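Each of the next two complexes has chain A plus one other chain: chain B in the first, chain C in the second.
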Partner chain A sequence: MPHTLDRRRLLATAALGGVVGATGLGSLAPEAAFAAEAPAVEPGAPDPNFVEGRISKISGHLLLVTGSDTVLHSIRITSGTSIWKLHPTTFDQVAIGDGLYARGVRLPDGTLAADSVWVNIVNLHAHITSVGRNVLHLDHQGRRIVAHVVPGRSAAVYNGTPAVSDLSLLRVGRHVQVLGAWHPDTNEISIATVYAAA
Partner chain B sequence: MIDTIAALQPPVLGAVLIWSARVKLFSRHAAAAAHRSALTRLIGQRRALPAYRLLGGVELTLGALLLLPPALRLEAAAATFLALGFLAYLTYARRAAPTSSCGCLSARQTPVSGRSLARAALLVTGAGLAWLIPGDWPGTLTARPLAGGVLLLVEAAAVVALSPELDAAWLLPLRRLRARLTHPLRGGSGLPLLATLQQVQLSDTYRRVAPLLRSDVREHWDDGDWRFVGHAALYQGRAVTAVFATPLADRDPDTVRVALVDDTTGHTLLALAGTPKPAGPQLDVVPA
Partner chain C sequence: MAALRGEMSWFCCGTAWGPCGTAGGGACGTCKSGNYQHAWPNTSDACFSITRPDSCGVSMSRRGCGFRHYTTNLCTGARVGTTIADCGPQTDLFCGETSCCGSACGSNRIIDLTPAAFSAIASLSNGLRPCSVDIV
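Right after this comes the complex of A and B.
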């Protein structure tokens, strides 16, 4: 923990300190503009730098993942990997049985060195059928989904305006898009963001 | 009592059948409803609409016969078989085409649910009763107006309650009212992380360093009046942390600052601050 605090103090000082080594755009190395290499993917072929599936085994920092097409993948979590599970979190929150989307770089041995991992992420278009205390009941193509509001985490975007944490403008019967974290093997999710008209 | 119940089934059945026929014959959305139903699976895309209309005609005829005296046993028998047909069709639709719409009492897209099946079973029971114990419904209603009226209301309410397609007319307004009275979602407070990320992503500083970022948000924390958001990034071949700082009180994208800090040495390799717009009136000129 002291290590984290020291690191954060260092990062905060760097961000709030004076402008360093930059006199505008020209200070960036010219190759920066091309740092994100164009993906060399054949049209229609699967993106080699993307993996989705459910975690079947965790050994050290290696995740064994079974894709929805039953293909097995191994994903390496590095010190630079971002992990999302309803919010940015740490590797110890990842569990066997979780679903995930991962993006990174394919290593020569076929392992994906992950840059970003989104655990249990779901993106649903649904109708609100009922509203309870910190819970939305959603109708998603005829199936019922229970969406939990997580105080302090869940946010709402109304009409494309900046996100707010007030979800009280949601109305029963209206259409919403929900980004959230699935609770594995249930029809329940926790809400990260709900997009709605108000 | 059972005689009264049996005698009052024809008007209920007739009303439900005519309501159902109304959708199939006169609704502007009948074609869409037919094509969303399991009929396309059962008899083919081309024949779905004619069959849907034909069914509507049968329902209208039988519904009118049931409502109008005299109450014939044959009508009740026909209604029983029709209701049994509905039950069989819905069971088939639920098994063979679970994503199809019911197309029963409304053109609204409604998947076949347990409630639709229960409604069909209720109709089978009612029609069966009327077939087994024939009676004269206007006579029964004039003889026992109170009991008969209550019975009709209860049965109509049961049909409505078992119709998912009619929920929008009564159930959703009730739930909306409850939400308005109890405010179950109130109490959200604080600045969500997404608001900060939206501010960061709209900023010029983010646009400058965006090609360097490798990861999504790795960590975020609040310190004093500032919120910090860290990403992993790659700068001149070195693994760095890109840390964005946004003031909690100011939502202007121009206030966003960023620093790239080397992960191994801890040196700041690059730090950028937003450039505020010059004060005073100005004209934004975009080169064409």
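Right after this comes the complex of A and C.
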């Protein structure tokens, strides 16, 4: 798979300090990267090119991450890494204590050179228990979640229609899917997109 | 069997951080966010009675824990193979919902992938994508 080898080589170059931008990497924007190929992982098996956990230390462009299963990971942020934290953002917005999912390629030393890092991202199925000014109160698996509306960012998708900034059609008792960013060590999130049935 | 076309999303399971911390191992007890696994709406009578894809006009075969499906992102053509590890999504709550990428559309929620599997074929920041699901 020439593309895979090229991507690995380019990521490794970037990780080792080479000047490689996203364009030089053949665009590592998520949708473009994922269109290339699915890694050869057996169905049901863990993906060695995927990491989840919380950031315990940041050293230069290296994230030290403690997996929820207590396994330790090193993640190299390169000039080609795309970072999402409520919206596409930059490495300086990443903080110790943040949770993350990351996908990339393994370097020979076991470090993951990241294609994409999704920081604090959550995708919750919940019921709306109350609606306040710029806030939704949610019941997620019996636990209360405070979901903040972020003006200029939060959007609603009503039954598959194009996303709109008007969240006023959301009603108490309705089931919703909320994509957002968790506020570490709280029961609060910021809303990126609310998917609601009509 | 023809591929089933619909919508895919993702969910967390196993040990996890944040609001996902309460997710657990799913209906099969084996689900982990880092594994190539998925939730399927018809894993048992009890599961089907909750998800009710039939109420949206979707016919889905009964398949148990460990069964393999192959999901294709209709936006990119990228494909991933996963095994059943949980019951879901709750199809009936979003009956008729449609997601499109240009002219490639899928209606009704038919599969939820783990973050590892979903991120292999789409960005996690896209909470919902049209897909097709096959068994080969």
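Keep this in mind: the second predicted complex is superposed on the first by the 160 of 198 C-alpha atoms of A that agree within 3 Å, B and C clash if a C-alpha of one lies under 4 Å from a C-alpha of the other, contacts with A are read in each partner's own complex, and residues count from 1 in each chain.
We adopt the following convention: a residue touches a chain if its C-beta (ideal position, glycine included) is under 8 Å from a C-beta of that chain, and two chains touch if they have at least 3 such contacts.
It should be emphasised that the depicted structure is a prediction, and the values quoted were computed from it without experimental measurement.
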Between chain B (first) and chain C (second), which, if any, makes contact with A:Trp84: first, second, both or neither? both
Tell me the contact category for A:Gly152 with respect to chain B and chain C: first, second, both or neither. first
Looking at A:Gln177, would you say it contacts chain B, chain C, both, or neither? Reply first, second, both or neither. second
Per the contact definition in the header, classify A:Gln141: touching chain B only (first), chain C only (second), both, or neither. both
Look at A:Val119 in the shared chain and tell me whether it touches chain B only, chain C only, both, or neither; answer first, second, both or neither. neither
Figure out whether A:Ile189 sits in contact with chain B (first) or chain C (second), or with both, or with neither. second
After lining up the shared chain so the two structures overlap, which partner does A:Val41 touch, if you call chain B first and chain C second: first, second, both or neither? second
Once the shared chain is lined up, is A:Val65 touching chain B (first), chain C (second), both, or neither of them? neither
Looking at A:Arg133, would you say it contacts chain B, chain C, both, or neither? Reply first, second, both or neither. first
Just which bits of chain A does chain B share with chain C as contact spots? 34-36, 84, 116, 118, 141, 157, 192-193
Tell me, which parts of chain A touch chain C in their complex? 30-31, 34-39, 41-47, 50-54, 67-69, 84, 99, 101, 103, 116, 118, 120-125, 140-141, 143, 145, 157, 159-160, 175, 177, 179, 182, 184, 187, 189, 192-193, 195, 197-198
Chain C to chain A touching residues, read off their complex: 9-12, 14-23, 32-37, 66, 68-70, 73, 75-83, 85, 89-90, 93-100, 107, 115-117, 119-128
Residue numbers on chain A that touch chain B, as the complex places them: 8, 10-12, 14-22, 25, 27-29, 32-36, 79-84, 87-88, 115-116, 118, 129-135, 141-142, 149, 151-157, 162-168, 170-173, 192-193
Residue set of chain B touching chain A in the complex reads 99, 110-111, 113, 167-168, 172, 175-176, 179, 183-195, 198-199, 208-209, 211-212, 214-221, 223, 226, 228, 230-232, 234-236, 239, 241, 243-245, 251, 257-259, 261, 263, 266, 268-273
